[in-house]
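One chain, subunit A, links the two complexes that follow: it is found with subunit B in the first and with subunit C in the second.
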Partner chain A sequence: MKAKRYLVAGTAAALAIGLSACGGSTGNSSSGGASGAPADDSQCSQTTVFCVGLVTDTGKVDDKSFNQSAHEGAKKAAAASNGYYKYIETQDAKDYAANIKQFTDKHYDVVITVGFMMTDATAAAAAANSTTKFIGVDQAFDKTKVTVKNVTGLLFPEDQAGYGAGYLAGLMTKTNKLGQVLGLEIPPVQKYAKGFEAGAKAANPAVTVSTVYHPAGDNAFNDPTWGAAEAKKALDQGADFVFGAGGNTGNGALQEVAKASGAGDTVFCIGVDTDQWDTVPAAQKCLITSATKLISAGVTDLVEKSKDNDFGGLVSMGKAGLAPYHAFDAKVPDTVKSKVSDIVKQMEAGTLKTGVTL
Partner chain B sequence: MPHPSARPEREPAEPVTPPAPPDSPAPGGPGDGPGGLLAAIFRYQSVVVILVALLGAMAIGAALIRYQGVNPWYAYETIFKQALFTSDGLTRTLAKTTPLILTGLAVVLPLRVGLFNIGGQGQFLLGAIAAAWAAYQTSALGVLAIVVGVVVGILFGAMVGSIAAILKTWRGVHEVITTIMLNNIAAGIVWWLVTGPFQAPNAGGIPQTHEIGEAARIPTVAGIPLGFGVAVVLALVCAWMLKRTTLGFRFDTVGKNRHAAGYAGIPINRVILLAMVFAGGLAGLAGALEVHGVMHHFEPAIAGTLGFDGITIALLARSNPLWTIPAGFLVGILRTGAAGLQFATGIAPEIVDLLLAITLLLVSIPVLGRWIFRSRAHKVSAASTSWGS
Partner chain C sequence: MGAWVARNKWSVTLAAIVLVAAYIFYALSSGTALSMYKYAWSYAVPLVLCALVGVVGERSGVVNIGIEGQLLVSAFAGFFGAAYSGSLLVGMLSGIGCGLILGGFLAWTTVKWQMDQIIAGVVLNIVATGITSFYYKPGQVLPALMPHVSIPGLSSIPLIGEVFFKGTGVIALVAIVAVVVIHIGLFRTRWGLRTRAIGEYPSAADTAGINVIRMRLVNVTLAGVLAGLAGVYLSMDSTSSFERGMSAGRGFLALAIMIFGAWRPLRAAAAALFFGFVTATASQLQTEQIINVAPQLVGTLPYVMTLVVLAVAAGKVRAPGAVGQPFVKGDKS
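Then we have the complex of A and B:
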């Protein structure tokens, strides 16, 4: 009788394995999108075939933030030039180099690496692979260490976006109190925050801004509970504008403000990085605008540029600005709108400096 | 019919079974006992359970891969090819295996004493940052900076481990609580250090420490990271210590019955302290080796989930130090192959964590062993020994 039981188990196991084996492709699922684009990356070494690769930092391509924006920009650029596009989502910070190598081994034309933690890995890969172009999103390369020409860092004037948002808040605040709920205290976030404060003070010298950075390292951009608690604190202290900048942490702050009484009438929130009207619908009740950096557009431009020749230099400045007001278009007075758009134009033209230094 | 379950309970995980007690039928012998092959299967049933669990997990994984439109054979083949047969695949796999073995041992040793060390993460982090700092400060010493960094890493890891042990022995605080809380404390301290006093000024605001000197980097010889050798030797030493020394005997005795051990004159508190100090030291060493062998500086991402992966390894290894080597190697293969899998097929790399989780689930619950072996199943559950003690 015992033997029978083993027989049953064995059969079941064999069946499961057998079932899983039948059918199936060899499994290339990514694609460039446009018709006529190459079906796989076997021809990438040829000059006529344009291949674009992307390596995320330890995040996913659907994170509604950084990695997603870069991913969309890269995908669009590849489709526009009838190229092939593929990405790898990094699981372990020690794999950055190996993941980049997957693409260079296949002679990809452009490799995009996302996030400042990959700065060193990107520089090393660029030095080792002269025929591949590298775009490092949010990466500031050290001129003294990086001498190759096939790499550029895509940086953004976050301080300008923050300044514009702060200026708007400074003009509109009734309580003269603003709050900022921020992720990790790293340069891009600091630039947003300092720009916000400078803009608010420029619009309204009487304003006070309370600023909190997430204290811990491992989940600073993914702690919506903390973000919500800090947003609540800011509201309790009388702030009527809350700037949430820090991935999911900031999203938590936005959603908390959206739940507060008077959301959209007396208290407002401002999102960050992308137009969060689309990415965080739960915050729409209070979301007056977002301080954005145009990552997708920046990536697409640079991929286009890489086809011709070397990049202009180690730094490529992208654009930053304010997202549309959406439903708040009617609630923002016309005088405020025109003042804010003047300021944004002046910053783009370079006639107005935010005065933010790190 | 006399059967094995009538024996006194043995060590939780003992794939290399000692000679069968006299009251069980002689393996392969005549009579109603099972035949040669079956007897071997019964003796090594913890291995069989793990293998069956692995196969089961891979079968479930295969269905999920198939569901995403990819041939499972091709997917599994890609994982193993990437991890073992590409130019630097094996080296990277071994490099990934090294900390897994060590953090695995850091869970195994306390488990043998009946303690559940969930603090591997914190011990690893503090060991790593201390090693990175010490090695940078002593980079003038050249190769000797390796020794300094590794020793300092071990000491800091051991220190974190000992805190939980001291709280346990003096105040009776459960080690599960303290080690988890110490993980957060360690993460906080490490974050403060790496964004404050220890931050490299030339890193452009990135939270990381100075690069250690060229000479202080542990090299890879003939494709094998030297740290891997260290980890394997330590696994052997732990196995030898548990099996052949008085201290090992004390560990197991305390783990099986603390009261009996105390009655027999074994200094329980000292055994608990030693187990946690060893565990913390091993996790700290894992951190130090990652600094010296892989990263060459400290950044918070260095730990990943390695401290918690140690629990996976220890349970897969059924708290046998020797088995942490294949368990770590398996996880190393899966993790190394995962990125290549996404490159080749577009499947999200999390699939390998899913495989591991299913395997672990099947291994940890005693159901599978009981289902396969019925009355002959060993009473084993490595995890259950740690609770309620």
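Then we have the complex of A and C:
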């Protein structure tokens, strides 16, 4: 009896350790560029060989979101320069520095780190490796602390994307009520939300926008159940557009709208970050567009730029905009389309300010 | 009925006051009130089911802090079962099956092998997080939407009918039935008396000829069905996707609600609804920007209230006597 008991405890403990060990390891994979590109990274220290490395945040390069967009951009840039490309998927936040080091040890030309969480690790690595260029996606470096020139943070004007989406919703709403279901109250999310509200009001001063942020800290971007309940409440109270911005929490809201009666005819949803037509297939029934950050294009541009001397600043602004309408192309009136695309162009040109301040 | 009302006069009075208040709010602003009550109920459904798992377990003398894990694995199995088989029924059954298996794991390790109940529960939670994260595959879709039904007759009652019986998911209906059945079961049947006996004073129950070990095994395992249903509700009914860690602490919240409800099914359900309504109110205040109560504070409310209840009602509200202690036949306890 006693022996059996220890056996169970032991097995359970071994299982737990085994699983956590799986979690701790770090996956990686590589892919050469076009034909004629180097086959491995042993030659990276030579000036003629161009090597690009990418470290993901704790996510995978097929996450259909942030990491994947950066991965595709980097891969494309490496292929265009006939260079070598390799990525490492971070499994645990404590491995950030170690994963970056794998690339700097082999003298990669460019290292891309994805995600706000890696800001400090990236800054430290840039200071220690002056011959490697660093691109930090969504990372805002403190210019009083980061003095080196071989690093830049790729940031996006989320407020512009939100503004465009809000403008569209403001023009199209029948009930004059819009809802926003948001993740954690942090700057990128706030910029989307305030931009959305400003855009909606600019298009249609009569609209009211109900805004709700997720209360908890650690799972604010990963609580689809909460997002769905909030979206349902917004619909019950008469909203006919719901903007879901907050990772899986927002996706829960989108899916809830897709389930509602009249989805795609009288009620619509708007996605965020990437074109969620592809990433959340369950929301296609209502997904009129997505407010996107063009991460892929931003990364490709910066990798290209890194071949010249410096980035020219700690901040590189990427572009934000609206995803295609897909199946809703026929449902959006032409006048609305042209107005929205005008607004987006004006924002890109800098002639229209969203007026969003945090 | 009269005797029951007399014995529960405080609960009945409170329920009546709440009900009247709810109807007044509904009369004042039916749209907002209704959407908030529906929100509260959809928030409460998984908590009610999970709290019942806790009630059945602890009434039998087994602490189940692995509910969170049961919930997560069931949500995972339900969603991917349905996505890969193309049948909602298969998904639901595999979700419920997983709840049952994990309930069985907990029962077997803690009752049969007398492993520490807290450790077994923690192991369950860790393993659940690991397995569901590791085997998670993005990009899957449910084959169909879960059926929603309206109960004829009941659904035309103003407010109550509209919230609980109109266009409601099957699992939410099961939750209502489960609360009533388990409440009556615990306090009105032979099974209930025996269950409470093995949770209060197992050696006495053993002397009276009740097979404590077998009864605990069966109760804890079967309660897994409810955890499975709650998991299926999360990934297939309230949303239509599985995400890593999507249970988001609801299993633990349910334990707080179980204590707040004094280990009684009806009170636990009322507590879950109450917290659902508080959350709805907080969200409503935030959206209308009347008063911005920090939503983080509202999130802590269930736990704070549980502490207050335990402090104020100390002595009156207490856990079953033998909870957490493994039963060894012949040992003095």
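The definition used in the following text is that the second predicted complex is superposed on the first by the 328 of 358 C-alpha atoms of A that agree within 3 Å, B and C clash if a C-alpha of one lies under 4 Å from a C-alpha of the other, contacts with A are read in each partner's own complex, and residues count from 1 in each chain.
Quick note on the criterion: a contact is a pair of C-beta atoms (placed from the backbone, for glycine too) under 8 Å apart; a residue touches a chain by one contact, two chains touch by 3 or more.
Since we're looking at a predicted model, the values are computed, not measured.
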I'd like to know which partner A:N99 touches here: subunit B for first, subunit C for second, both or neither.
first
So, A:Q237: does it touch subunit B (first), subunit C (second), both, or neither?
second
Which holds for A:P281: it touches subunit B only (first), subunit C only (second), both, or neither?
second
Considering only touches as defined above, state whether A:P215 meets subunit B (first), subunit C (second), both or neither.
both
On the A-aligned overlay, A:A327 touches which partner chain: subunit B = first, subunit C = second, or both, or neither?
neither
Tell me which partner A:T225 touches in the superposition: subunit B (first), subunit C (second), both or neither.
second
With both complexes superposed on chain A, which partner does A:N251 reach: first (subunit B), second (subunit C), both or neither?
second
Of all the subunit A residues, which ones make contact with subunit B and with subunit C?
9, 13, 16, 19-20, 23, 215-217
In the complex formed with subunit A, which residues of subunit C make contact?
31-32, 34-36, 38-39, 42-43, 46, 109, 113-115, 119-120, 123, 126-127, 130-131, 133-134, 138-139, 141-142, 145, 234, 238-241, 243-246, 248-250, 280, 282-284, 286-289, 295-296, 298-299
Name, in rising order, each residue of subunit A that touches subunit B in their complex.
2, 6, 9, 13, 16-17, 19-21, 23-30, 58, 60, 86, 88-95, 98-99, 102-103, 116-117, 119, 140, 142, 184-187, 190, 215-218, 358
Considering the complex alone, what residue numbers of subunit A touch subunit C?
1, 4-5, 8-9, 12-13, 15-16, 19-20, 22-23, 62-64, 179, 210-217, 219, 222-230, 232-234, 236-238, 248, 251-252, 255-256, 259, 280-282
Complex interface listing, subunit B residues touching subunit A:
52, 55-56, 58-60, 62-63, 65-66, 68-75, 88, 92, 95-96, 187-188, 190-191, 194-195, 202, 204-207, 290, 294-295, 299-302, 304, 335, 338-340, 342-350, 372, 374
